[in-house]
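In the two assemblies presented below, chain A is common to both, partnered first by chain B and then by chain C.
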Partner chain A sequence: MARRGGLGGFWNEERKLSLQVFLSNKPAVVGLVIVLIYIADALIVQFAPWLLGLKNPYALTPNYINPIPQPPSWKYPLGTTYPGVNLLTAIIKAIRVDLGLSVAVVLPGAGLGIVIGIIATYIGGWVDDLLMRITDIFFSVPYLVLAIAVGYVLGRDITSMIIALIIVWWPLYARYTRSVTLQVRELTFIEAARAAGASNAKIMFRHILPNALPPVLVQMSMDLGTVMLVISALAFIGFLPVSNFPELGYLTTLGLNYINTAPWTILFPGIVIVIFAVSVYLLGMGLMDVINPRRRSSL
Partner chain B sequence: MYYIPTLIGLTVMVFAILHAGGPYKLIAPYINPRLSGPARQEQIQMLIQKFHLNQPIYVQYFYWLWALLHGNLGYTTTPIFSGPATEALAIFFPNTAVLAIFAGVLMWIIGIPLGTWSAVRKDKPDDVAIRVFSYTLYGMPIYLLAVVLIIIFAVYLKLLPISGVVNPELTVGLSWYVNGISYPTHVLIIDAIIHGDWKLALNAFEHLILPAFTLALAAMAGVINILRASMIEVLDQDYVRFARSKGLPEGVVTKKHARPTAMFPVYTNFAYTVAGMLSGVVVVESVFDYPGIGYWLTQSMLGNDMGGIMAGTLIFGLIFVTTSLALDILFAIKDPRIRLG
Partner chain C sequence: MIIAGRHLKEYFPVKGVRGAYVRAVDDVSIDVHEGEIVGLVGESGSGKSTLGRLLVRLLDPTAGDVLFNIPDSELREYDDALERNDKQMVKKISSKYSILRLKGSRLKMFRREVGIVFQDPYSSLDPRMSIADIIAEPMIETGLYKRAEALERAEELLEEVQLPRDFAYRYPHELSGGQRQRVAIARGIATNPKFVVLDEPTSALDVSVQAEILVLLRELREKHNMAMLFITHNISVVSYMADRIYVMYAGKLLEYGPKTQVIRSPRHPYTQALISAVPEVGREMRRVVLKGDVPNLVMPPAGCRFHPRCPVAVAECGWDSGEVSEAINRLIEARYAELSGKLSVKPKGPLALEVRGISAQQLKQIVDAESESTKALKAIYSIKDAGDHVEVSLAAPREPRLVPVGPGHAAACILLEGKEGK
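Then we have the complex of A and B:
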């Protein structure tokens, strides 16, 4: 990206314009604020649980004296779920787990996909064909089913869930990176770099990658929400043989037997996921505006 | 047309997953737990011989593929069905097919008008309402959607049953409904019609509504968003303006002129919709205890039942590859650029 003069330093014209474009999209700003709240929650529970007065930050605290779900009250603002778990603290703890898991899936998945996608475009020919056929094969099995199959082989636990979802997720990024880099590859400056004698690796990672990265990063931010949905769905159908694990999908299953009398046990953990997924989507739309030249020039 | 290579790749992938756990994981379900000591070792050796697990891995693949092509998918042991996996498929697949097709039709007849309406009324209050609705659907885990629909329609309004396929009181003493499996098509609603039991068919249909609606709503968000975006672009084009300036009524302009063009992105993305739906089937069927392959697959997962998981993975892959092939052909026929060119 060409740097125009102006203020200099970090807040140059380029960055100011990006910020302006982003701030003009109100839903995206709301999304960003909510995502930041979730991240803050996760960081506080991880590093300073005493700030929120959590005694047992990495597991649910059951209360078998009164295991039946209680409706929301002053003592339990969001009520309790079976077995006597305070839903508010449970959700605060669960946000850390869900956010952490979804970052742990998206980052390596995207990294792997980006590298493979760039290799596919740049080398082209039969390597490209082969890699794309491989992604086709991974696409052909629904992600939930593939995750179950991988989970069977590795044994169902949290590590294998992450590995299974990475295996499911990288083809998406490989495809996406390929479609973006294909356009970049044909540009004149790549030809210039080649004429100047740059090596293949240098062209791929120094010249093509930085230009393909922004759209892929937007996709990654949006996927944080999608992956959280998949993780909670897997936990919901019983992929993780755990108990007292603060995870939003698992939290939902705790209240399932009380669906007739205690709908809050299901609604509150669910709403937390919906809010995150929608915020991340809105944030992604805002970021997409930022990297979209048409939108930039309209300001 | 990458149908055949993708299918071969699919079998290779399932085979690789199946064998990644080593030979002992494969034969574990067949070992008699009462045997111990040398007799147990002898049985292990016999099983390894029998399943050709001492051969090179590519030879094993061809043995496995051979068995697969002869309809031998191994055995499955789950609370809802025990026996050959092919028999389980014959029982569960028709149910899933009925559910998915019903959901697909619902999605189409609700999603397409909503998407069109949303684009025509761009930025008006009803468009905003539709967008909030579709964003919420997009961000909703499918199990939550299912449970919310259950809470609304089954718990509070008491209009529809919570789960299962039929009210068990109605099936007492039926000769064609044994152990939760109906004959001859295994789909209760069709079998009831075949046997002329309309009361039972109606009851089975009531049980089908909520799962189908859940699946339809979950898949709808994507269709609405894609159609809205492409419709807005198309509505701005010269030929649409021309149609309007000719004095055609607005309804004809949007439905007859703009929408057919705006539908193409929906068609090309339809394979993703189907993929999302197939993942949704797994969750929806297990929430509603609906006896389809998704429910069978989750039961296999919970019981670490290899036969069920592998047959389920294969059949889901096969369904997806076949539908996307069929869709490709269908939409190629619909696309005038391909049909006429």
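Then we have the complex of A and C:
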């Protein structure tokens, strides 16, 4: 059969349609392109910094000879910030750090949350109640405050910041996974699978999970932006231990004393943060379209 | 008998209320012979879908038993034993044929022998599986075929439900409602079951597609000689499809019998009302219009569950003091405005009322004049003066039993029971 050959390949009808739906959402495509640029930047700085001529890719290079912020010029396209840091290269370095940190928070946080959410629905009863009350406790405290508290207890370094954010972030996913799973579990095809003789584990992993995960993945993509904002906020209020660490939130603080005469010192790193948060959101909306059957069938 | 349900009850606990249950199915027995189509009719919420799920063990009953593939002689023995209350005999036969204690591979064997088609073809197919995988699932899971063979057979099944073979590698969202339902039917019959439950298979489809699906189902029955339980709320569909008909209302079985008998000479007032609602060419419609809704199944009406809506209800149908006092109050508001405000009715126990502000004589007159239009008043058995108030007592309700009214035809209405029970 001709069509069966197509089933094994990566580009089956289903995937082609998904791509088509995604491409029809123009803002999402823009979001995707920008996110890809950020990712490319991070990968180049990580693995091939010489391509961009970066000599010291993992730290800021201060220039104490001329520490006062300079306006954008040919030499410094985005200007410099205190103490004489070239903003363009600083931002290029910082994107790697911020992207890395938000992935380091979102992936384990979501993983932990998804596993706990599934356990809660699968076992149900008092286990479910207990896990959901724990997430309630986390939800009742503003996450920034909680992250600061956890970070304070664990110590002021990057690892403790990541751990603090994971601890703050997993309940969101546990709750979300649980609600999606419960929704899927009520659909008739689950009953049909039971009538077909499928075991509980098989129903969970073949029917419920594949239908429950896509919305969670969309949530993850959107959270990359949110987490980056939170990390920047934490860095802004001085959560970072090292003084020349290239981080976008920290970059905005460097020129704070010169804000009246050198607004670019805050503007450019800030814009980079905002653009990422917005593009990741647009990308998420596009992915949302892809998993929404109504959008699919309208094409 | 391919499947026999005996005294099935399914009570769903009400969340958050201790001791409260929704009595979705309450003491229903049903038989399906080999190769026969049984129609199960009833309104929404009458428990017909629940009964269908009980028969293929998608639900476990609160009480009762489901016997599968039992020889008629042994079923008769089982029924006799139930009648005699011979627990040992019941247990012995039940252990051989009951589906309720099946586990592991024996449960899978049973799943191979039965199938089910659901009402909504949009939610009954997993959107992330290809059509071939959907149809193959029962064959693989019950161990009938290995994956490759099952996929091969899925294509044959597509042909059998009159869909092109190359639909096998499409996904549900690419199909129309009628096509999806054909896929669902293909899945339902994939393992060549002896018994298939069709849970309103056509009610989500538009009329022209409905007819095609019905024709298809009849063809499949002819070809494979499979027994079917056809659940529907549509009397004309059932009269086209079924050999025998069961009528359910509020969790109870009201009437069953051969199709022609139930359609031509329905004996239960509810069935009569249902059938009177079907228009027919060349005949003036004499519709019996039922008022009100299906009762609350958490606290179902006493006696016959249909009595609050029954056009021919009598005294013993199951009226209680609450219903009668409400009827009196409404009557006073509507027709005897001069008494409104003065008269007060208070239920005293399930079968007695205390009425103030009116004399026994007056109340009797009202009751006599209105009992034809307000059926609840028929339950009033005596009205006595008792000093400052009037005591009203009600007739004791009787639970209707299924009484035979023809060969293989029975109905549960006390009007059919004759004098014996009084």
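Just so it is clear, the second predicted complex is superposed on the first by the 270 of 299 C-alpha atoms of A that agree within 3 Å, B and C clash if a C-alpha of one lies under 4 Å from a C-alpha of the other, contacts with A are read in each partner's own complex, and residues count from 1 in each chain.
Note that contacts are C-beta pairs under 8 Å (C-beta built on N, C-alpha and C of every residue); 3 or more make two chains touch, one makes a residue touch a chain.
No experiment lies behind these values; they were computed from the predicted model shown.
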**OP:** Determine, for the superposed model, which of the two partners chain B and chain C contacts more residues of chain A.
**Re:** B
Original post:
For A:Leu99, is the partner it touches chain B (first), chain C (second), both, or none of the two (neither)?
Top reply: neither
Subject >> Which of chain B and chain C A:Val35 touches, first, second, both or neither >> reply: neither
Original post:
Just chain B (first), just chain C (second), both, or neither: which does A:Asn211 touch?
Top reply: second
**OP:** Figure out whether A:Arg194 sits in contact with chain B (first) or chain C (second), or with both, or with neither.
**Re:** second
Original post:
Which partner does A:Tyr143 reach: the first (chain B), the second (chain C), both, or neither?
Top reply: first
Original post:
Is A:Ala110 in contact with chain B, with chain C, with both, or with neither (first, second, both, neither)?
Top reply: neither
**OP:** Kindly classify A:Lys202 by the partners it touches after superposition: chain B alone (first), chain C alone (second), both, or neither?
**Re:** second
Subject >> Intersection of the chain A residues that touch chain B with those that touch chain C >> reply: none
Original post:
Inside the complex, what are the residues of chain A that reach chain B?
Top reply: 133-134, 136-146, 148-153, 156, 225, 229, 232-233, 236-239, 249, 252, 256, 259-260, 263, 266-267, 270, 273-278, 281-282
Subject >> Touching residues (chain side chain C, partner chain A) in the complex >> reply: 53, 56, 58, 107-108, 111-112, 114-116, 118-120, 123-128, 130, 137-138, 141-142, 166, 168-171, 173-174, 184, 187
Original post:
Inside the complex, what are the residues of chain A that reach chain C?
Top reply: 1, 3-4, 6-7, 12-14, 187-189, 191-199, 202, 207, 210-211, 293, 296-297
**OP:** Over in the complex, which chain B residues touch chain A? Could you list them?
**Re:** 2, 5-6, 9-10, 12-14, 17-18, 20-21, 25, 135-136, 138-144, 147-148, 150-151, 155, 162, 275-276, 278-279, 281-283, 286, 297-298, 301-302, 304, 306, 309-310, 312-313, 316-317, 320-321, 324
